[in-house]
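Encoded as structure tokens, the structure appears first; notes follow it.
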């Protein structure tokens, strides 16, 4: 019998699953930040998504360690899985802090930052989906980097605003950390895009 | 004359020394956090242990650069040495902050977090000791990951508690950082366990 | 026609350009911190230098992905470019925070920390300039590590001082972060030195 699906395409499927799961998590975080109702129960859902992501990452790394011929550099498979995992960790970390710090009011600019993460995740989905055939992948990477710059500007301006208006130091500490965690998620998405870019460039 | 000990076993010995030294440091930190007496002089001892760890790490990396055939992947030797070094850096960093911030009172949950690090270090010792023969190593890695999850729960709950009860923002900043540094030490121990796991899986 | 410059020496030139650019950035940061006039416009200049550094890093990584034979280990080229880029990111990050937090007064010990970064950058320039012929490179790495220890001591003592004297928690948060960002820049310079050291040791 002929194996129609060679083993190596499995990695592309697994990365697509990871990127889909990440997108689901990012959308949920954005929805929570836009409408701060039932935060604890919705963050529980986010935790379920994050756990699923952990398992997907673990499966990719296990398969990598057991596979002799890989569709692209081993080190890049490792880095891509880790950075996609990192984005979702910070997405979840943002939700977790809402619960831990009992934040109940809308945080200015936080939904916009989450929106950058959602759009990066969608671009990562596209990039990963086109990675096997390597057509037009770089455009998604460019857009992910642009979104990281956008998030950086939003976070910087939100932090400047926060330090000008928030006089309660403990409230300031909480919100400052929210901005930093959200901004770090966009950095990790950029890391993932950089790995994808280098995979494409190497094969050119 | 026959060399009974091939050069390559030296790496396993060196990792065992690192794990023993780490365990010593973690135990000292736990003892300090449980009984906050003579903190500065005991943190000096911790510094001595950390310096010894730095030298051990440097020796492994130097030997790695000079060795052609290694007992497992070069990159993994590098990562394992670095992550063991990182755990001890954060253990020492926790002690250092006690002195720098002149903390003299018991910090709730800090001894429990240090206890997680002690138990992870002991598991790392076992894992490293069994790494050459590769028997039963994975169970230690599983336990180290479990302990990281436990530390995560303890830290999250301690932080939630802190934000509810501590009204002095500067005291809050100090304790929050203590929790974060201790929790990060357990993350680095998990990184070390992940390297060990991948070494074992690759050789299966 | 004979190609007098083999392709591979281009990497050394590119690293020299990066180290020169970093030194320029570090000197500007030090000048700003020593004399807090026109901070926003001078931080704009720092941003230009940082952007140039980003492009240089991107060019090295692109060339790396397109080059089959490299003058030293691919992974080390990648790590060296990334860590030099990181130093400049934190140098710029320190400047950015002055603007974001509207800091207008001299920050005690901040110029001394910036001076450590300047001296590390100058040593990195020397190390990179001598890397091709590998003569006397290790002395620069030793000095960079010594400067990191010096910066560590300065930052620790400045933080201790800050927590003793600053009673305004929001002002404390701002200055604490400045010290941490400056100290992290010196850590990244040490990372770069460690890569250079391992390149030299491997080739010995």
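Per-chain residue numbering starts at 1, and chain names A, B and C are given in the order in which the chains are listed.
Note that a contact is a pair of C-beta atoms (placed from the backbone, for glycine too) under 8 Å apart; a residue touches a chain by one contact, two chains touch by 3 or more.
Quick caveat: nothing in here was measured; it's all calculated off a predicted structure.
**Q** Once you've mapped the touching chain pairs, tell me: line, ring, star, complete or other?
**A** Drawn as a graph, the chains make a fully connected set, so complete.
**Q** Taking shared residue numbers divided by all residue numbers at the interface, is the value for chain A and chain B over half (same) or under half (different)?
**A** Chain A vs chain B: different; shared/all numbers falls short of half.
**Q** Using mean CA coordinates as chain centres, what's the gap between chain A and chain B in Å?
**A** Inter-chain centre distance comes to 28 Å.
**Q** Can you list every residue of chain A that touches 2 or more other chains, as numbers and ranges?
**A** 75, 169, 173
**Q** Show me the residue ranges of chain B that touch chain A in the complex, using the header's touch definition.
**A** 75, 156, 159-160, 163-164, 167, 169, 172-173, 176, 198, 201-202, 204
**Q** Help me check something: in the complex, which residues belonging to chain C touch chain A?
**A** Touching chain A: residues 61-62, 65-66, 75, 96, 99-102, 169-170, 173-174 of chain C.
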